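The same chain A turns up in both complexes below, where it pairs with chain B and then with chain C.
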Partner chain A sequence: MFNDIIVQNFSNPTHATELLQSTDTIELGNPVCGDRIKVQLNIQNGLIQQAAYAAWGCATSLATGNVFCKKIQGAAVVDIRNLSKEDIDKMLGELEPAQHHCLEMLHNLFAKFQQITHV
Partner chain B sequence: MQQQSTTKTLRDLGIDPLKAAVASVSELYRLPQEKLDAFKAELIIDSFRFHYENNCYYRDACNDKGITPADIRSFDELIKIPLIPIAKFKSASNHELLSKPLNAIEHEMRSTGTSGVPSISRRCSPTIDLAVSAIYAMYREFLGISKGAGLYVCPSTEEIPEMGMIKALNMLAGLLDTHRFMVREERFIPEDAIAQLASWEKQFTRHIIGPPFLIHRLLQFLKQTGQKLKLDNGSMVITLGGWKRFTGQMISRKEFALLCDEYLGIPPCGIRDIYALVESNVMAIDDEHQVKHVSPYVHFSVRDMNDLSREVPAGEHGVLAILDPLALATPGMILTEDIVSLVPGESPSGRSGQRMEYIMRAPSSLEFGCCAVNLERKMDEDEKAENSCPVTA
Partner chain C sequence: MSLQGYFDYNATTPVCPEAINAFVNAAQTFGNPSSKYGLAKPANALISEAREHLSRLIGCATDEIFFTSGGTESNNWAIKGVFLREFSIAPAERVHIIVSALEHSSILEVVGHLERTFHCEVTRLNPDNEGIISADSVRAVLRPNTRIVSVMLANNEVGSIQPIWDIAQVLRHRKIHFHVDAVQAVGKIKVDVQLLGIDTLSFSGHKFYGPKGCGGLYIRRGITLEPLIHGGGQERGYRGGTEAVATIVAMGAAAKLANEQLEENLNRFSTYSALLRKLLVQKIPSIIFNGPKSSSAQVPNTVSICVPGIRAEALAALLDSLNGIQVSLGSACSNNKTMSLSHVLLSMGLSEEDVKSTLRVSLGLYTREEDILSFAEAVANAVGILNRISRPVSEDYVFAS
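Then we have the complex of A and B:
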C-alpha cells in the first residue's frame, strides 16, 4: 500500500518538530478528507535555514510534510521557486489512487511557498 | 489441577484464537458468564503483551505506570491495563501508535468528527481479516439479514471511501439483494427515497439504513406530508452514528420509534441501533428488546469520571474504556470520550456478555458529535441557501 518514500518519511519524520523562531508559516487543509499540514520556515538572506512541520491525517499526508521540508531545508529560495511540476510529481513516488490527494497537497505547499516568497 | 488455557488449546490445534472468537459470536454469547470472561481475558492479555513488546510508545506509557505483562494475569486484573486516550488517534504524533511497520498496514480509516481534525485508525491485513469476519458475524447475530433491499439514507462509499461509519454500513449491503444510496453530493430528497421504497414493494423486504438524523428527516417529511407507509414483515430500521443533531438537540429514541411505527409500519423490535468506533473493532448492536450487546470478545470497562482508575458498577454512568484484542496494528486499549453505562442483570434475549447504553459524548470532549453531524450541518446550510430569498439588496 505504501511505497518506500512514504514508509521512510512517515516512520522517520526528521522534520516533525516545532520551530521556536520562524519567519514564515504555510498552512493548508484538504476540506474533503480533513488532512492538514502546517509548515514553519526560517528564511534568512534567501536561504531556507530551517523547515519543520506538523501534519494531521493519513500516513501519506504525514510523509508529505516531511518530504516537503526535507526538500527545501538548506536550499536557496530561488532554487525551490524554480522547481518544475515534473520535479514535484516525482517526490512522493508511485502512489495508489486513494493517496493522490497528497500529491495535490504537495503541489499546494510549493504553490504557497511561491506566494510567500514572491518579491 | 490448573485449568488448561483455551487459547493455548486452540493454538495447539493450529487455530488462531482470535479467528475462532470472531467466528463463534453466537456460541460465545451462550457461554456461562464466568467462562466467557476467562476466555475474553486470555485474548486481551495476549494482545496487551503483544503491544507492550512491539510498541515503544505504549511500552513507555506502561512502564511510567509501573505495569508490565507480568501484572495482568486474570480477568480481574484487566482494569490495570494502561489506556490510550482516543485523542492520540487525532494527534500529529499518531504514527507512534503503530505496533507494526507502516508497510504492514493495509487500510487507513478515518472519522472526521466535528472538530475538523481526522481521527485515523490503521489496520494491518490480519486485523482487517478479523474485523471483516467480526462485523459480518455481529450483523448475522443481531440483524439476521441475508436478503432484501436496503434504502441507504446516507452518502455512498464512492463519495466518502475512507469514512468508517459508511464503510461499516456498506458491508451490510453485501448481504442484501439490492440497495440504493439516497444522499448524493450532500443532498437528500425525501420524495426520491419514498419512490425508491415504492419501486421495491412486493419484490423485496425493505430495510432503511443510515445515521439517525437522516432517517429522522425522512420520518419528519412523511409526518408533515401525511404519508403513512407500511413496509414489510421483517423490515428493519438500522441506525449507526450519533443521536445528537448539529444544533445540539438530541433526537429522542422514543419519538423516533413512535415515528417508525406510525409512518413506516416498523415496530420497535425492528429498530436496531449500532454503536461503533472507528478506532476500535467493537460493535454493540441492539437486540429485539433494543438492548445493545457488546462484541463478546471485547471488554467494556466503565470508569468513574472523577477517578479513571476505578470502575463504576453496572447501571451507573461513566467513561467508556475499551479493551479490544482484535487490534493488532495499534493497541486496542482505548479510553474513549463517550459516557455509557453497562446494563445490569440478565439479558431477556438469554445472551451472556456485556450490554451497554450510550448516554452522551463527554462534555470535556473536543468532539461535539460523530462525522454524520458534519454532513447534517452542510446539508442544512445548503438547503437554507437554496430556500433563501435571492434578492440581496
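Then we have the complex of A and C:
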C-alpha cells in the first residue's frame, strides 16, 4: 500500500517534463531494481528556477522524482544544501520496507545536488 | 461490495452466497463428527454431502477425497507423504524428484527442503516459452530412481494448461508417483481425474468461491502415502484434526455451483478474454501476451500482459489509485537489496525487463462486459501517463493538477 504523499505524486506528477534549457542534470539509478531518475535543473543566481524529471521504475520511484523537484523548485540553492537528513527522511512519508529503496534514492538525489552545487 | 475493479480472481475469489448460506447453516450443527452418538450424525451427513459435491466436480469416488486446510497443505502432504513412504521402504535409496519450474512455492519449497534435509535429487524442469511442460521433456530427465513427478494442471500466472494425460502415459508402469497441483484449475476448467490418469491432485476452496482455509487432496484408490498430520483418525486415518465442518460444507456448496455453471462460465470467460485482448491491442499496439498461443491450452480467465518499457508495478499502482482496479504483478521490490522476479516468467525465458513489465489479469464470476471495457480504457490511460513520465515531450507539458 502507498501513503498519500506517494499516491499524490505518482498519479499527478506535476514536474514530469523536459526542460529545453537547463544548467545542470542529475541522473541516478538503482542497480538492483533498475529504477532510473533523471532531473534537469535551471539554476540562475543561486535560485533554482525550474526542476523537472523523467523516471522509469516503481510507483514510489516515480513519486520520489516529483517530490524532489517540487521541494527544490523556487528555492535558494543554499537552503536546499542546508536540508538535514531528518528533513529529507520526512519527505516521502511513512514507507513500507519494500519502498525504502526510494528514500535511499531521494537521499542520493540530494547528495548529487550537493555535488553539482559545490563551490 | 463492488467487484468492478477486481481482476485478481486467481489470487482469491469472493465467497459465493450459496457457500455463505451453507456455512451459516452448518455452523449451527456443533456436534463433533468423530463422536459416536446421535448428535454427531448431522455433521457427518453434511460432510458426506460436501464430499459428494467435490467428487462430482473432479470425477472421482467419494472415498478418494481427503479434506485439508487448503492447497498448500495438500501439496505438502502429497510430496512429503510419498517421499516418506518410499523412505520407509528403502531408506538407503536416494529418491529423485522431478518438478516443473512453474510450480507453486508449496511444491518448490517442499522439494527444496527434501533436497537439503534428505539429500533427494531434484530436477526442476523449465517449460517452453509458452509455459508448457511437454511429456517428452519429462521423459528426457527420468532416472532409474525417479519416484515422484509433480506438474501443475494450470499455471496461476500465465494460465497455461499442461498435457497431464501425456505425461501420465510416460510415467505409467514406471512406479513413479504423479502429483498434480490443480488449485488453479478445479472449478475453472473441466477436471476429470480418471481422464488425467494421475495419483494425487490438490485443490483449494477459495479459488472457486468457497472459503479460505479449506481444500483437499484426491488420492487415487490403491495409492498409499504417509499422513502429514497425525492425530485422531479423521479422514479415514489419513489426516488428523477435527473436521472444520462449516468450512468444508461451504466449500462443498461452492463446488456444486462451480460444477453446475462450469460450461457457462468457460464460454463467458473465453468471450471476455478475447474481447480484452482485442481492446488492449487496439489501444496499446506494443502489448505482448505471455503464455500459450493456442486458446485451448489456456485457462480462459487468465491473461498475462507485458507492456514493454512500462514498469508493471507503477502501472498497477496507477490502476489502483486512479481507477480502483486490482491486478497481480510479475515482479516487486522486496527491499533495498533485492528484486523479486516471477520464477514462472523467468523459467519461460522472459527477460528481466519483460518480467518487470508484466501484470496478470484474472477474470471471475462477477466480471461483466462493461468491466472489461473500463479496464482496457484504464490501462491505456495509465500507460499514457507512465510513458509521459519516462519520456516527457516538452517543458510546456505539465500534468493537470
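Basically, the second predicted complex is superposed on the first by the 119 of 119 C-alpha atoms of A that agree within 3 Å, B and C clash if a C-alpha of one lies under 4 Å from a C-alpha of the other, contacts with A are read in each partner's own complex, and residues count from 1 in each chain.
Quick note on the criterion: contacts are C-beta pairs under 8 Å (C-beta built on N, C-alpha and C of every residue); 3 or more make two chains touch, one makes a residue touch a chain.
Here the structure is a predicted model, which means the values were calculated and not measured.
*Asks:* Should A:57 be classified as contacting the first partner (chain B), the second (chain C), both, or neither?
*Replies:* both
*Asks:* After the superposition on A, what does A:2 contact: first (chain B), second (chain C), both or neither?
*Replies:* In the superposition, A:2 touches chain B and chain C alike.
*Asks:* Can A:33 be said to touch chain B (first), chain C (second), both, or neither?
*Replies:* both
*Asks:* Examine A:16 and indicate which partner it touches, taking first as chain B and second as chain C; both and neither are also allowed.
*Replies:* Touch partners of A:16: chain B and chain C.
*Asks:* For the overlaid complexes, name the partner, chain B or chain C, with more touching residues on chain A.
*Replies:* Answer, by number of touched residues of chain A: C.
*Asks:* Considering only touches as defined above, state whether A:100 meets chain B (first), chain C (second), both or neither.
*Replies:* The answer is second: A:100 touches chain C but not chain B.
*Asks:* Quick check on the output: what are the common chain A residues between the chain B footprint and the chain C footprint?
*Replies:* Chain A residues touching both partners: 2, 7, 10-11, 13, 16, 33-35, 54-59, 62, 98.
*Asks:* Touching chain A in the complex: which residues of chain B?
*Replies:* The contact residues of chain B facing chain A are 90-93, 95, 101-103, 105-108, 110, 112, 116-118, 120, 122, 161-162.
*Asks:* Flag every residue of chain C that touches chain A in the complex, lowest number first.
*Replies:* 309, 311, 313-314, 317-318, 321-322, 332-339, 352-353, 356, 385-386, 388-401
*Asks:* Help me check something: in the complex, which residues belonging to chain A touch chain B?
*Replies:* Checking each residue of chain A against chain B gives 1-2, 6-7, 10-11, 13, 16, 29, 33-36, 54-59, 62, 98.
*Asks:* Quick one: in the complex, what on chain A touches chain C?
*Replies:* Listed in rising order, the residues of chain A that touch chain C are 2, 7, 10-20, 32-35, 50, 52, 54-62, 65, 97-101, 104.
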